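In what follows, chain A forms one complex with chain B and a second complex with chain C.
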Partner chain A sequence: MPGRLRKISPLKNPDRPYYALGLEGSANKLGAGVIKHDVDGSSTVLSNVRHTHMTPPGEGFLPRDTAQHHRTWALKVIEDAVKQAGISMHDVDCICYTKGPGMGAPLVSVALVARTLSLLYDKPLVGVNHCVGHIEMGRVVTGAQNPVVLYVSGGNSQVIAYSKQRYRIFGETLDIAVGNCLDRFARVINLSNDPFPGYNIEQEAKKGKRLLPLPYTTKGMDVSLSGILTAAEAYTQDKRYRADAQPTLDEDIITPADLCFSLQETVFAMLVEITERAMAHIGSKEVLIVGGVGSNERLQQMMGTMAEERGGRVFATDERFCIDNGIMIAQAGLLSYRMGDTTPMPKSTCTQRFRTDEVYVAWRA
Partner chain B sequence: VRVPFASAKHAAIAKQVIEVDRELQPHAVKRSLTVEDDVLVATFTTLTVRLARLTLNAFLENVELVVRTIGQFGEDAERVPS
Partner chain C sequence: MTAAPDILAEAILISQGAEAAIYQAILHQSPSSEATPVFLKYRFNKQYRHPTLDASLTRSRIAGEARAVLKCLRNGVHVPGIRLVDASQGILGFEWIEGKSIRMLLGGGAEGEEETEYTADLLEDEDAVDSPEDELQSLYGLTPDVLMAMIGTEIGKMHLADVIHGDLTTSNMMLRRMFSTASSSTVELVLVDFGLAYTSTLVEDKAVDLYVLERAFASTHPDSEPLFATVLQAYGKTMGKEWANINRRLDDVRLRGRKRSMVG
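Take a look at the complex of A and B:
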């Protein structure tokens, strides 16, 4: 690695413990969490409460219903988070909420609660970028130093690396996100959405035996996923498709398990390729996988194989931190706050499009 | 629409919280939020009746959320920390 200078971090250890409440609601997961930054520089998760808006199999979640779910559950989830943390809301230093990106109505529902709490308890607000939240939580949980980050979820798919106070996007999806592709396919084959569609695809894929040809669409540093989704859905209209059969190599049939398997293998191989490209560009040896799709063990396994071949390693978190949660917002928010950044009330809006590199990362060298 | 609150402070909080977000169609919907003592007064002018229904529904949903939040956390917030 060229010129490895150990830069001094601008973030000094705090002189007293800091607490932050983080509120997340950009998709169908509503999360609240309390994090503590101690004087020795450590970050401790005091509580991490989440409630998911679940839809029946074959249906996705719509903004209006999701917002209603968040409005219904927000107060309970926040109350539980504060109680489980064992502190009072008065001890909290700042209230962090997801400013974006995400779905409009759900974001605003959570922001309204955040603003009200901020005015009631006279605490500053910190608007947090959802993607940066994932990255910061991944960094603190795994201890990765300067990894190439693969952020893959239902709403976003980006390959990110840190450079000079910004999380730069090296590659991303040109159309839909990986999780979106998997979720929509799960809808077509009527998989349950409990606990989340991707998990059920992963379990189905383990039973698959046939690797069906699907378009492999990496475009340089980026990927395109809508074509693969269409191709996979087209297979369900194929003469050989049997919705209820067990996978077998004896008959020439296609089963949902085979399709799940083929879809996963193709899509994950593409993700591994674009991540490897970014690693080669930067000369990095670490990969950090964050975002809901990051909890998929097959993806972690494939990435691990690639990383080891390059003499590196993969960092991944478990579903407590991979899937959208409030604690990651608290973490990223508190880091911002400690560097002096707050969001004044008139600016505490939400935005559906919020690029990861728009955030000024003041807390890293 | 006039929404009464328990105190002038609560009404002011509600106004500050709700006025941050822009109306989704600012050219078709005009909104003004004021506080009269402990009452939040919201005045909407819309181009169509349908828009009036949609705007009011959204406004009332938001007010309800803020009111519930104040209801659940208001007392604790007033309590001076020991």
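Take a look at the complex of A and C:
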């Protein structure tokens, strides 16, 4: 039985408090955060500062402009994070940065900042896998022990389970990510990017009344989402589509709210289905939802219903930790630093392609 | 319409998966006929899904599975016969197959045991029980090689009918004994669980189907490489001239691995 023979964690409680600064900038969010690991094994978030590169409705973020945004705000965001944490840069044990995956230009600009700080204060660097950062942050915030992880964001959609020092990918998207699908649809119907497109889709969806047929494409443990986006877009060219109408069941019309509703219901049902399959496969009763889309309450609700049916429970975090942030990079980085792992300067590169299962998870049993 | 739920009420639950619950039930063809056991697959409602979406998915999946099995039956592939289809209730009834799964016969353990995978090193020194190969020999009179050839032939027949199973594992294959006369009998290999099956003529889909089985072999039956080679040999023989293309594609699929590197 899983859990019956719990192995002893290789991670020893620290002999003194450890502090890590985490820097994240793999997409349009620039984040910096300081985490503290105390002698009793507890973790405390000392600060979590974020600044988002906003684009007007109907537009996505471009790598070059995003990198420019990160360069402009890096110093301010890091300064705030360190100040809020109430420590000095000299107290920090290591500087953690996102090695990948993500957009090239923003990654490079943040890695440069990390390297500079490392040389300036003579602190070791730790390169962190963005996905592992999400998982570790989710685990520490929710206290989930060995959950099946659904990681859904603008760039990634994966169902992950831990086994033998790796976060193994059970299922994933075969084409675009869930967040990408939602964001792009938000652009089609001209929703605002503030605070983030997925939030505005969720609010619209609450008004939706009509479930329109969309493709339902789960393939074993994997899902495909690009066709759904195309099908949803096609409805906006339909004769029945009214961009300004209120959703109603009395008239045969399609409103943006109906489309948001249908899109969410279909896509989330697919995600819950593959998560359930992974849970059945490995015999786990816990699910952890991480990533930006994970802050969607409808997804959390559907996942909760599924977990309840299986006699399990769902763990989710709010937007502070779901959406890309610096603190998660600090958390995953500090775990690996405490296991004696650092990234030497010549290897402090970044990479746009960096799979979750490439990371050797030394800190778990 | 009320027949299917009635059957379910009296059925014995065998196992419950993520997709469906499996029952054994008794079917009377007529009041006077002998009672025959049937295998029921019940795709229960998923509360998390929108009811409309849930209903249409269940309907199409039941119909799809029944269609794939029928197509196999028509083409002489050994699959369980269909006894009952109730797409709106989500119930599919199959002929009851008395026998053991290949996974058990090859000593892969019961399904679900893989969840304790990480404790395997602790179980290693347990005394080995009756060798499964002996059971294969004594119960069915088969050597592992003959069994592998049967698997290859059956999959070949299915692929010739353009049915792609979608979830080929040794747990989804069973051996059963057919009695032609009172004294003589033959053993046949039956493919089960077409829940993920679909129709395709593509070389790619057939190669991936085989690759799935190869992976399943490797993960549940260690050191099974030579065994799987026998499967492929028999498969190639059945497929005839199509085999060369599929074999080439299978090599490509192996190199590709299941997972591409993600961007972003």
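Please note the rule applied: the second predicted complex is superposed on the first by the 362 of 365 C-alpha atoms of A that agree within 3 Å, B and C clash if a C-alpha of one lies under 4 Å from a C-alpha of the other, contacts with A are read in each partner's own complex, and residues count from 1 in each chain.
We take it that a residue touches a chain if its C-beta (ideal position, glycine included) is under 8 Å from a C-beta of that chain, and two chains touch if they have at least 3 such contacts.
Model, not experiment: these values are computed from the prediction.
Superimposing the complexes on chain A yields a three-chain arrangement in which chain B and chain C fit side by side. Of the two partner chains placed around the shared chain by superposition, chain C is the only one that A:M306 touches, whereas chain B remains out of contact.
In the superposition on chain A, A:L23 makes contact with neither chain B nor chain C.
Contact with neither chain B nor chain C is seen for A:L288 once the two complexes are overlaid on the shared chain. Contacts of A:V272 after superposition on the shared chain: chain C is touched, whereas chain B is not.
Of the two partner chains placed by superposition, A:L259 touches none, neither chain B nor chain C. Of the two partner chains, chain C is the only one that A:I169 touches; chain B does not reach it. By the touch criterion stated above, A:E79 is placed in contact with chain B alone, chain C being left untouched. With both structures placed on the common chain, the touch criterion links A:L120 to chain B but leaves chain C unconnected. Touch counts on chain A: comparing chain C and chain B, the chain ahead is C.
In the superposition on chain A, A:A177 contacts chain C only, with no contact to chain B.
In this overlay, which is a superposition and not a single complex, chain B and chain C have their closest Cα atoms 17 Å apart. Every residue of chain C that touches chain A in the complex is listed here, in rising order: 17-19, 46-50, 52-54, 56-57, 112, 114-119, 122, 166-167, 196, 259, 261-264. By the touch criterion given at the top, residues 13-14, 16-18, 20-22, 61-62, 64-66, 68-70, 72-74, 76-77, 79, 81 of chain B touch chain A in their complex.
Those residues of chain A lying in contact with chain C across their complex are 1-2, 5, 27, 101-103, 154-156, 163-164, 169, 172, 177, 180, 211, 213, 216, 220, 265-266, 269, 272-273, 276-277, 279-283, 302-303, 305-306, 309, 352-353, 355, 357. The touching residues of chain A, when paired with chain B in their complex, are 68, 71, 74-75, 79, 88-91, 108-109, 111-113, 115-117, 119-121, 345-346, 348-350.
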